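Common to both upcoming complexes is subunit A, partnered first by subunit B, then by subunit C.
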Partner chain A sequence: MSSYLEFLSRHADQLVNGTAITLAQFVLSALVAITLAVIAGLLTLAPSRPLKAVATVYIEIFRGTSLLVQLYWIYFVLPLMGLELPKFVAGFVTVGACFGAYGAELVRGAVLSVPKGQWEAALALNMSPAKRMRRIILPQALAIMLPPWGNMMVEILKGTALVALISVADLMFMSRQINGTTYQSAQAFGTALIIYYVFARFLVTPLMRWLERAMARRLGRA
Partner chain B sequence: MFDWQWDFTWSILPRLIEATGKTLLAAGGGYLVALVLGLILALAQRTPWKPLTLVVRELVEFIRSTPLLLQVFFIYYVGPQIGLRLSPWTAGLTAIGLHYAAYLSEVYRGGIESIGKGQWEAARAINMSTAATYRRIIIPQALPPSIAGMGNYLVGIFKDTPMLSVIGVGELMHTANTIGAENYRYLEPYTLVGLIFLAISLPAAWLVRRFEAATRRRLGLSK
Partner chain C sequence: MTDKTIHYPLKLEGPDVPMVRFMNVSKRYGDLVVLDRLDLDVAAGEMVTIIGPSGSGKTTVLRMIMTLEKIDEGVIYIDGEPLTHMEKNGKLVRANQAHMRKMRSKIGMCFQHFNLFPHMTALENCMEGPVQVLGISKDEARERAMELLEMVGMAEKSDQHPSRLSGGQQQRVAIARALAMRPKVMLFDEVTSALDPEVINEVTTVIRNLVDQHSLTMLMVTHQIGFAREISDRICFFFGGRIEEQGPPTDLLDEPQEDRTQQFLSAVFDAN
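Let's turn to the complex of A and B:
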């Protein structure tokens, strides 16, 4: 036990820095994912066929391939086509784009499951389509899709671990580095596992539950 | 496209196709491990002994909320320290199998819990043992509604196999990395890997959806 505490104090800097990078990657990835999910999810419901096609192609490509393949492609192949992203940016953009595609299906499903009467009532009140979406449909769709988004957030957190493979110095990267210099694999990888677990179980999940309850209260359903 | 070389593409295609076989093997092998371990994790949460339920429940949460990549490294590097020298394939299949077992155990649990109490009581009334009740009454009924979830995780496990490349499992991603390093060309190998994944997972996902619809129809859940 005391040798483990010694291990922790010796590598505290690396672990803390890695955790900070992981958190930054997580927050930025989540923002990208939410934005893309809402845009693509709504576009799949748009009346315009070309827009619908663009959204569908995006969703199928990102859902049909692996996150790791996407990451390597965006980081190593895109520069050959003239678009060079720094690794930190490539990391959260790819993770966000990948989970945004999964999220788009959640957005689409939730919007479609808002009862028909709500659409008709908004129409009867002469609301414009944009206003109807913003004031009537989206708030209710949000309450419907929040529970699956809770799982999605944990998946995004886990997904950020892959950015270590393009050398973003996140928690995963640091644990590998510690393992490489000390050969204390159980301590290095075990500590990282525990940190990810604590974040997912005691930070991300409770936060999403709280959001669910807050949302239900605002809609007068709690 | 930019500087795409077709002769290079054709020259590396056979190697990538061969590696696709290994990717499918890894996905299939990992899935088998997950199917069996998942059932054990699900049943372990249904014993009358509460502490076991709590421990297994937390274990499942732990596996589900930590990155697979990290679990792959953990198993591959910590194994030898406790005397288990695992080959990349064994470590990889164990890690991916264990990871998806946690997800599948939730699918099984949902299926088992959806079976009405009356079924248990009827089995008890005709003096069936618990094991026989599970085997002959509960699992056959719990399986059909779980099919969709199980199918989705099969596609999921296939898409997660590239993570095994980091410990040297010679699947698609690993092969593409090797080709790229040998030739200093990454455009074709990485793009082809993406296309191969699309070519397999899109039809697979479509099949799962059709299979799900067919099962629901057969069970009378929808028209």
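Let's turn to the complex of A and C:
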């Protein structure tokens, strides 16, 4: 035990820095995922065929291929086509785009499961399509999709570990580095495991639960 | 508008322009003919009730006025102007979204299942349209909404969400919400059908007061024959997407001329 504490204090800097990068990657990935999910999810419901097609292609590509391959593509192949992203940016954009594609299905499903009577009541009040969506449908869709988004957030957090493979200096990257220099695999990866778990279990999940409760209150259900 | 022998005016003019006119209106779902070349006029300020067997097209009539359904044939006029169509180069063409939005502002509707917005309080439900659609200030909209909630007896519950209200209370809020838009035509589709018998009166009282106090034009679908008799200027009996028989309540209910009306009414009275 004392040797593990020694291990921790010796590598505190690396672990803290790595954790900070992981958190930053997580928050930024989540923002990208939410944005893309809402846009793509709504576009799949748009009356315009070309817009629908764009959204469908995006969803198909990012859901149908592996996140790791997508990371390599965006980090190694796009520069060959003239688009070079810093690895930090490439990391969260790719993770965000990947989970945004899954999220788009959640958005679409939630919007479709708002009862038809709500659309009709909004139309009877002569609301424009944009106001109908923003003021009436989306707030209710949000309440429907929050629970699955809670799982998604944990998946995004875990998914960010892959950015280590394009050398973003996140928690996973640092653990590998520590392992490489000390060969203390159990300690290095064990610590990473614990930190990921603690964040998922005691930060992300409670936050999402809190959001769900706040939402229920807004619907007058709490 | 395939029937070339019928002339659809660009506008209804003259002293007795009806508030609502269905002219040769047909509506089909695939092979099912729901409205069959229907003609129906509702005068300004008139209260017309539609009765008839299930599937006879009653709801469809209201939904077409609310522009919730597309028209297959014929033209509907509201306040003398075409609703389903608009004028373009001296001819009637299908109405575009802008035209429908303009016309829709004259129409309000209450639904069988209330369809209140669950994420808003009773008051917010009634302010949403005035603020978001009519562009009225929040203070003014609140005042207008409270007045209407007062009128339907829901002022004390104005800060409650729909999930905390009974069916009768929700329907009264829904009526206030529709009235807050100041429509000229109000549509009621079986607004008491989803309610427990003991609260039906809450809602019928509100509608009765509306009939007494307002110059609103109203079109109501109901299975409550007694209520229809009491408040209607005219009752239309629908059958197979057409008006089989219509007239003042006493004539239609007490001395129906058509076999189908008699059968329907005796079935209804037997059930009660």
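The working rule: the second predicted complex is superposed on the first by the 222 of 222 C-alpha atoms of A that agree within 3 Å, B and C clash if a C-alpha of one lies under 4 Å from a C-alpha of the other, contacts with A are read in each partner's own complex, and residues count from 1 in each chain.
The rule is short, and it goes like this: a residue touches a chain if its C-beta (ideal position, glycine included) is under 8 Å from a C-beta of that chain, and two chains touch if they have at least 3 such contacts.
All values reported here derive from a predicted model rather than from experimental measurement.
Participant: For A:126 in the superposed arrangement: first (subunit B), second (subunit C), both or neither?
Facilitator: In the superposition, A:126 touches subunit C alone.
Participant: Please indicate which partner A:154 is in contact with in the superposed arrangement: first for subunit B, second for subunit C, both, or neither.
Facilitator: Touch status of A:154: first partner only.
Participant: Looking at the overlay, does A:24 come into contact with subunit B only (first), subunit C only (second), both, or neither?
Facilitator: neither
Participant: For A:118 in the superposed arrangement: first (subunit B), second (subunit C), both or neither?
Facilitator: second
Participant: Check the residue A:85 against both partner chains and state whether it touches subunit B (first), subunit C (second), both, or neither.
Facilitator: A:85 sits against neither subunit B nor subunit C.
Participant: Quick check for you: in the superposed arrangement, does A:144 touch first (subunit B), second (subunit C), both or neither?
Facilitator: In the superposed model, A:144 contacts neither subunit B nor subunit C.
Participant: Can you tell me whether subunit B or subunit C touches more residues on subunit A?
Facilitator: B
Participant: For A:45, select first, second, both or neither according to whether it touches subunit B, subunit C, the two together, or no partner.
Facilitator: Neither partner.
Participant: Which subunit A residues come up in both lists, the one for subunit B and the one for subunit C?
Facilitator: none
Participant: For a test of understanding, state which residues of subunit A touch subunit B in their complex under the given definition.
Facilitator: Touching subunit B from subunit A are residues 60-61, 63-70, 72-73, 76-77, 80-82, 154, 157-159, 161-162, 164-165, 172, 175-176, 179, 185-186, 189-190, 192-193, 196-197, 200-201, 205.
Participant: Which of the residues in subunit B come into contact with subunit A in the complex?
Facilitator: 1-3, 61-62, 64-71, 73-74, 77-78, 81, 159-163, 165-166, 173, 176, 180, 186-187, 190-191, 193-194, 197-198, 201-202, 205
Participant: Report the residues of subunit A in contact with subunit C in the complex, numbered from low to high.
Facilitator: Touching subunit C: residues 115, 117-118, 120-128, 131, 135-136, 139-140, 143, 218-221 of subunit A.
Participant: Which of the residues in subunit C end up touching subunit A in this complex?
Facilitator: 66-68, 101, 104-105, 107-109, 111, 113, 115-119, 121, 128-129, 132-133, 160-164, 177-178, 181
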